[in-house]
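So, here's a batch of structures to check.
Look for chain A in each of the two complexes below; its partner is chain B in the first and chain C in the second.
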Partner chain A sequence: MSSPYVAPLAAVSRHRGIIGAMVVDAQDDIIVDATVRHGIKASTVAALGASIYRKARQSAGAAGLGDTAFLRMEAEHGHIFAAGRGGLVLIALAESSVNVGIVRLEMIRAAEGLA
Partner chain B sequence: MIVTVAEQWVEAPLRRFVDDARVLFALLIHPSGQVLGQFGFTRSLDVMAACALAAAINASGSALGKEMDSAPFGELHHGGALRQVFLARVEAPRGDLVLLSAFDRTTSLGLVRIYFEELRTALAAVAPAQESNPALAGNFEQELNRSLAALFGRAIPHEVPTG
Partner chain C sequence: MIDEVSQLSQELAREPGSLVFLRLGEALRRRGQLDVALRVSLRGLERHADNSDAHDLIARIYADLGEFDRALQSWDAVLRLAPRHLGARKGKGFVLFKQGRWSDAESELLAVAEQGGGDPSISAALAVVRQHASEVPLGDVNPQVQQDAVPRPLFADALGEGEMTALLIDSEGLVMAGTYPTVGGGDVSQVIGAELRGVSDEVQRALRHLALGSWTCISFETDAATVAMAPAGDGGLVLLAADTALPQGLVRRVLELCAVEARTWLERTVSRAGT
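Coming up: the complex of A and B.
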């Protein structure tokens, strides 16, 4: 039986530079489904990534800025992206060379399919 | 943050776990129920009850795991309306330990599990190689009371041999 999240994960993962994508429960920070390159600590990335996304949403809400559609964290050697919908968060990991604009668009579109 | 311990080697790893995972309560015990360290409890009676219940849950989970999966279950999570409980075994060189922790929406199960893995690694690294106290010694009750007294700052005198 295939997961209902295969399509959004595939939509994000197919882009060059993406090294992992996962759907995470936004309340428990536990992976629901994922496709991640070998060697990445997926559950750690998922828990911390979803937690940061949740806090970013709270922060934006407290600032009166409304909902957080997309979050990008830039690290020395790559990016972590997050976009949420309902009780789920879509998290993607990418190399520095990735096209951020395309991934942002794809993440927002794929996140809409999570609900 | 007040972490109290009956054995000094568990203090730093337990303190870090509590600090990182943002749990409300944490209790590190022997599978027999003897307490090694705690955070969040204010009364020794609460610790005694929690130790006994955690030991019983761990024993039940282990037995059920062996029955169903040929191996003891390693982790147990119980989600409540406001608070959740996470109970897991820690394999240490001197024998298994059990961590019981309770948390609310300040943190999450995913985060607690991550920092539990770090706690497990840290405890394995600092655990003394030799068992200093047997899991269930003949003077278990006295040892338990001494542990609780150490945790809550009450002195219990050592038994003086008679005769």
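Coming up: the complex of A and C.
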């Protein structure tokens, strides 16, 4: 049976510098579907991405800022991106060299397909 | 790949009398599964009633849940079992601060400062608490710290006249500087600080497993603002919120300026506390 998340995952994964992409349950951080390179600790990426995205949403809610569309976490050697819709979060792991602007647009667009 | 929670759950099922519940409860707490974390920890406590770490874990879960009175009771239990437990004193200081019990918060933070020695977040939190504590004569507080602890001035140069605001938040979620004004004239900085408690440490731990190095920036876009965060040392972070109309590159540059201001202020505060 084909996963309904193949299309959004493929849309994000096709960009140069993307190491992995996954759809994660926003409440329990469990991976629903994923496309990742061999050797990537997908569950760690999922747990971190979903947890930080959840905290961002909660703090934005506390400040009355409305919904959180896109999150970017930048580290010395790469990025983690997250975009949510409903009870799901689309998370991507990327190399430092990735084109952030393009991936941001793709993530926001792809997240709309999660609902 | 089996995740940490599943692995620990299996371990605990094999050895229900073990102390694995502490690691499982902590892992669940970090994930934000607070109700499950509390159930696991309370069940563990039934078998290990004299374990101070179990009481401490439960206190932190209650604090995360916003059940501050229960958190204080649990930390009191920790201190009865382990009177020099630094985490319990820090936790109590954090909760008492949240409750506006400035004098009590100051006593706890002072005890931590005496035990812990040189923790910049504690020194800075003490400066802020002392500002609020009406019992403390103004002359007892270093005038420079007083001036710096007035929120807006710390980031005033970096923020300029733009539609931005900034906060300095320590690893416990305490706001050390800055304000987050609302349209209605309120200030939600404390609430935001509490929501972002421990983010810096959590990110750093996870990034270590992923070999991505240290984190440099977290930013998120909301309907009403762009929010960006940078590490400020010792598990703390600087948060900047800006109008969505402002270019993200500008937001990033202002964030860097705020982070430099925050680190400088923290270093100065610590060096004063040490003299």
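Simple rule for what comes next: the second predicted complex is superposed on the first by the 115 of 115 C-alpha atoms of A that agree within 3 Å, B and C clash if a C-alpha of one lies under 4 Å from a C-alpha of the other, contacts with A are read in each partner's own complex, and residues count from 1 in each chain.
The rule is short, and it goes like this: a contact is a pair of C-beta atoms (placed from the backbone, for glycine too) under 8 Å apart; a residue touches a chain by one contact, two chains touch by 3 or more.
Source: prediction; values computed, not measured.
When both complexes are superposed on chain A, chain B and chain C clash. Applying the stated contact rule after C-alpha superposition, one finds that A:H77 touches chain C and leaves chain B untouched.
Greater residue coverage of chain A by touch, when chain B is weighed against chain C, goes to C.
Residue contacts after overlaying the shared chain place A:A47 against chain B and chain C alike.
Contacts of A:D29 after superposition: both chain B and chain C are touched. The clash between chain C and chain B in the overlaid arrangement falls on one stretch of those listed (23-31, 149-157, 203-211 or 239-247), that is 23-31. Taken together, the two complexes place residues 28-29, 43-44, 47-48, 51 of chain A in contact with chain B and also with chain C. Within the complex formed with chain A, the chain C residues making contact are 1, 3, 30-33, 180, 182-183, 188, 191-192, 195-196, 199, 202-203, 206-207, 209-225, 227, 241. Of all residues in chain B, only 105, 107-111, 113-114 touch chain A in the complex they form. The part of chain A that touches chain B in the complex is made up of residues 24-25, 27-30, 43-44, 46-48, 50-51. Residues of chain A that touch chain C in their complex: 28-29, 41-45, 47-48, 51-56, 58-60, 62-78, 80, 93.
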